[in-house]
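In what follows, structures are represented as structure tokens.
Heads up, the next two complexes both have chain A, just with different partners, chain B and then chain C.
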Partner chain A sequence: MELGPIESLSYFVPELILAISVIGLILADLVVRRKEQLGVAALVVVVLALIAVVWGLPGQGDAYLFNRMIVHDQYAVFFKVVFALATFATIWMSLDSREVEKVSRGEYYALLIASALGMFFMATATNLLMAYLALEFVSLTSYVLTGTLRHNRRSGEASLKYLIYGGVASGTMIYGMSWIYGITGTMDYAGINAALAAGQGTPLILFIAVLLTLAGFGYKIAAVPFHMWAPDVYTGAPIPVTAFLSVASKASGFALLLRFLYPALSTVGAGGQWQALGDGGWQQVVLLLSMVSMTIGNLAALQQDNIKRLLAYSSVAHAGYMLMGLAVLSDEGLRSILFYLVVYYLMNIGAFAIVMLVANSTGREDFDGFRGLAWRGGAIPAVAMAIFLFSLAGIPPFAGFIGKFYLFAAVIRADFYLLALVGGLNSVVSLYYYARIVRTMFLDQPAGGEGGVELDWSTGGLLAVLTLGTVVFGVYWAPVIALADRSARFFLG
Partner chain B sequence: MDNILTLMTFIPIFGAALILCLPRDRDNLVRWVAVGVTAVPLVLACWLFFNFDRSTAGFQFLQRGQWIPSFNIQYIVGVDGVSITMVLLTAFLSFLCIFASWGITKAVKAYFALFLLLDAGMMGVFVSLDFFLFFVFWEVMLLPMYFLIGIWGGPRKEYAAIKFFLYTLLGSALMLISILALYFNTTDPATGQHTFDMMVMMDQANHSEWLRNGIIFGQSVPLVIWMALFIGFAIKIPAFPFHTWLPDAHVEAPTAISVILAGVLLKMGTYGILRINFAILPEATATLAFWCLAAVGVVNIVYGALCAMAQSDLKKLVAYSSVSHMGYVMLGMASFTQQGINGAVLQMFNHGTVTAMLFLLVGVIYDRAHHRNIDGFGGLASVMPVYTGFVAVAFFAALGLPGLSAFISEALVLLGSWQANPRLTMVAALAVILSAGYMLWALQRIWLGKLNEKYANIEEVNRREIFTLAPLAALVVYLGIYPTAVLDLMGASLNSLNGVVSKFL
Partner chain C sequence: MMEIGLSHFLVVSTIVFLAGMFCVLTRRNAIGILMGVELILNSANLNYLAFARYSSVGYDGQMFAIFVIMLAAAEAAIGLAIVLGIYQTFHTIDVEATDTLRL
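What follows is the complex of A and B.
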């Protein structure tokens, strides 16, 4: 089904809600005196958008909207829910964050919502131009959010680095996209697919085009070698923004990447298996990126003393794990990536929430701030952090293990044993630095003078939900995998 | 009592939750709750002992349930002759170790809650018959162990805790890949789906062609998977050259945790090999057993004994003696004779009780003197006669004195192994002398000779310590005279397992 601009609007309610509220928040900033009310308003807006996304489900079938610019399908709905939840958690954290108190909050919340809006487009774009614009939209808002601590040098530096890397990456990407347009004569995904299936373009040219395009995606998901911005940006940005970038921004990169590589560049062949069009040389590249990302991410994380920086490298490694599911190019792989994103959301936001909690009361983001946390009044946050970290390392009975399990299952199903081995060894390496934080919190005694850590009801509530999710989905995850299964369906017209 | 195994596994978890809910500063209440929570599985274990059908080789007290149907992950628990002894040992030692932990004063609630989680994990490993479930329990155990060593351990606790964790996780990573490879190449004939059900995997007719004859990394598939699983288990045993985590972990851990480590955790390695490598990949077992089990086992025996002899720390000596004694288990398993394999599992049980005693005895002396230096004592027998009595039982059992339990199992292992690998068995038998050497030498330096005046007023073992030591000593003596009590539990299952592998010799 293809819909024109007017008929599409009924599918477009969540985006409209977000778009209107961006303007509304900026205007309200002029009149509202107690700025935290803006945060609460932003929270309400995100919930409304979330309801609109989920509400729209039963009546609306899959369809191309706005003359095939974007699409509405289960896959898009899944990602919109993830983005909305990530934005929700970020705003919630921002309300408790000491750092955010210092920024001009009207713009801050408006930018967050705008970024979420851009991500909604990234999940739905079915046209190269739309994909590029959505990615740029998200990037631009992210640059500003990173630099939002105006009087903090590190924040400004991070923002600039992010901007420069982003510029190079997206420039490379649009160059690659122009090649694809040159080969196929269309920017529409379905059109590209049809043209490639008809044998247009030589495999080598297509390979180069995809390689160039991958630069932009790789940058968004922070995969090696496009990860250089991540450590600096994660360190410089306010903690809620870091959490947002590490989860929502990465998920949006995957949303775009998966739709580009699956429905546009691959086709469902005989036996229901996905097959890359052309010679599929990019599959090898993704495989390589996956191995290199996890290895470099994990090895670099071993050396870090700043927890945010450590988590930045860990997020590079996690991009590598998720790419495993892409390298195998199968429904199982796709499903396992979606599942992993849900799990990753829970544990990574959770970890950053604890970092924020510690930073709020001690002003530190390094190992010293965490020393003996369990023994100086922070036992509950310390236990929650241990759960998130062990989950990130992939230890049962936490959800992170189940996520990795499905990824490995997809890899082994496709007989990529070497990749599985590299992934398995990487999990072992990663345990070392995650356990290093746990050790600092539990095994080391406080040196004195670090100050206590207070858990307020608001952050406590967020942590309770995230911890519960991490544990419960580690023991019984059937609903989540069913959701991932249902969402791993593209609308192909 | 269909769900008896489930109860034994999950009661400690609920107990842990209960302990966390208790008020702070009520340390004694926490301890007694822990006693109650571990007593229930112990009572159930006794019931299991009397109601276990000794004549059948199959699984008993089976319970099945769906867990994640979309991936065909099931909840299956059951015991047979291989696991029943380990289940009994786990229930027994967990109960005793609560008393051995009485002296813990730091964060008591957390300690006992973690201990109970550990208990549940161990029990789960021995009863689960779904490979996924097995793996989850296998890993779940690591977390409490990490904290128990890391928070309540000795001076180098951080290093020991992370080393233990990393070593085991390395093995687990290989195991997880193997499990998935087995899953995708096993089809349940009843449903036509892939399955983690070990009982289905044990029938080689359900394996795919690739799993039987495929080639991967230039090697035969079953051999590669066998090796990957073996490395995972060998780290736990610990087999040479993966043993280096053991001295650190055992020495730094608090007494009760050393007991659990040596008494139960090490057995998981050999149990896993019997349950999984032997039963699921018998042909590969027949091919690789000589080098991977028998030869490595003998290296363990000799190398462990030599290392033990060189130690000046009593706890380290006991730790290395474990390395040595676990070698007999591997040697016996690799013989593929009835005596050998029965002796191996009996040795697993006996080593559990004897080493538990040894670590408890080391704990007693350490609590009083605050050091464990073998040369720092002398003549303790004159001031601690009761204690020295227990020491004598444990030490003589450990060196294999006839009439005590370990003699029977070591003799069975050597008898069985002689028929298969006479040369290796000769070396192993000669190493018994080494074992007598380090044990007697330590006994002489600490308990005999002239009394070190510094310890003239040292306190005799108290009633709580006797309560933990006496049941173990009684068991060691009883099984030395009447080993059939344990042997007839496992005979049927082990002989059938041996038959499965022997076909391929």
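What follows is the complex of A and C.
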């Protein structure tokens, strides 16, 4: 089904809610005195958008909207829910964060919501122009969010680096897109697919064009070699923004990448198997990126002293794990990526929430700030952190293990044994640095002078939900994998 | 006289793209790097216009170029604001002097 602009509006309610509230928040900033009310209003807006996304589910079938610029399908709904939940958790953290207290909060929350709006478009774009606009929308808001701590050197430096790497990556991407447009004569994903299936263009030029385009997407998911910005930006940005970038921004990059590589550049061949169009060279590139990302991410994380920087390299490695599901190019791989994103959301936001808790009380983000955390009033956060870290390492019985299990199952099912071996070795390496944090929290004695860590009820509530999710989905994951299975369907017209 | 065709434009755009990349990689001044990014964006614009002009497939290419120009302006505005903020805290816009996060 294809809908014009007016008929599309009924599918467009969540985006409209977000767009109107961005303007509303900026205006309200001028009149509202107590700025934390703006944060609460932003929370309500995100919940409303989430309700609108889920509310529309039963009545609305899949359709192309706005003359095929964006699409409404189960895949898009899944990602919209993830983005809304990630934005919700970020705003919740921002309300408790000491760092965010200093910034101009009306703009801050408006930018967060605007970024979420851009991500909604990234999940739905079915046109190269729309994909570029959505990606730039998210990037531009992220640059400002990163640099939101004014007169803070680290924050300013981080946003400058983010801007430079982002500008080069997106420039390279649209240059690659221009070649795809030249080869196929269209910007519509379905049109590109049809043109490539008909054998237009030389494979080498197509390969180079896709490679250049991958630079932009790879930068958004922070995969090696486009990860250079991640450690510095994660270190310099305020902690809630770091959590937002590491989860929501990465998920949005995957949303765009999967829709580009599956429905546009691959086709369902005989036997229901996905097959890459052209000479399929990009599949080998994704395979290579996956292996390099997890190896470099994990090896670099071994040497870090700053926990945010360590988690940045760990997120690079996790981009590598998720790319494994993409390299095998199957429905099973797709499903396992979606499942892993849910799990990754729970454990990574949780880990950053605890970093924020420690930074709020002690002002430190390094290993010294965590020394003996369990013995200076932070027993509950320390236990929760241990659960998140072991889950990130992929140890049973936590959700991270189930996520990795599905990814590896997809890889082995497709006979990519070398990839499975590299992934397995990397999981072992990653255990070392995650366990190092756990050891610092429990086995090292506080030297004194670190100060106590207090758990307030609102961060505690967020942590309770995230911990519960990490533990429960490690034991009873059937509903989540069923959801991922239902959502791994693209609308192909 | 040789006729100017699609391939000439593609060669020019490739040269502009490489020049932009070179500029990004070698400049130490933040404004210089942003200028390199503009070159990369404009090389893509040239490609879109050339493909749209020589392959008669509608106006998608021209549309894309207009959007790229618009977004380049937005990016430049944000970029200059960030560079201004950097200048206020670091008193320089040399990107090697502002490289303090790496331990």
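Following the convention adopted for this analysis, the second predicted complex is superposed on the first by the 493 of 493 C-alpha atoms of A that agree within 3 Å, B and C clash if a C-alpha of one lies under 4 Å from a C-alpha of the other, contacts with A are read in each partner's own complex, and residues count from 1 in each chain.
By definition in this document, contacts are C-beta pairs under 8 Å (C-beta built on N, C-alpha and C of every residue); 3 or more make two chains touch, one makes a residue touch a chain.
Because the structure is predicted, anything quoted here is derived from the model rather than measured.
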Would you check which partner chain A:Arg150 touches, where first means chain B only, second means chain C only, and both and neither mean what they say?
second
Contact breadth on chain A, by residue count: chain C or chain B
C
Once the shared chain is lined up, is A:Phe408 touching chain B (first), chain C (second), both, or neither of them?
first
Looking at A:Ala482 after the superposition, I want to know if it touches chain B, chain C, both of them or none. Which is it: first, second, both, neither?
first
Check the residue A:Ser427 against both partner chains and state whether it touches chain B (first), chain C (second), both, or neither.
first
Contacts for A:Tyr132 in the overlay, against chain B (first) and chain C (second): which applies, first, second, both or neither?
second
Overlap the chain B and chain C contact sets on chain A and report the shared residues.
none
Chain A - residues contacting chain B, complex
390, 395-397, 401, 405, 408-409, 412-413, 417, 420-421, 424-425, 427-428, 431-432, 435, 438-439, 442-444, 476-478, 481-482, 485
What does chain B use to touch chain A in their complex?
67-71, 135-136, 139-140, 142-143, 146-147, 150-151, 157-158, 161-162, 165-166, 169-170, 173-174, 176-177, 180-181, 183-184, 216-217
Sites on chain A touched by chain C in the complex:
128-129, 132-133, 136, 140, 143-144, 147, 150-154, 156-161, 163-164, 167-168, 171-172, 174-175, 177-179, 181-182, 185-187, 231-232, 235-236, 305-306, 309
The residues of chain C that touch chain A in their complex are 10, 13, 17, 20-21, 24, 30, 33-34, 36-37, 40-41, 43-44, 47-48, 50-51, 55, 57, 60-61, 63-64, 67-68, 71, 74-75, 78-79, 82-83, 85-86, 88-90, 95, 98-103
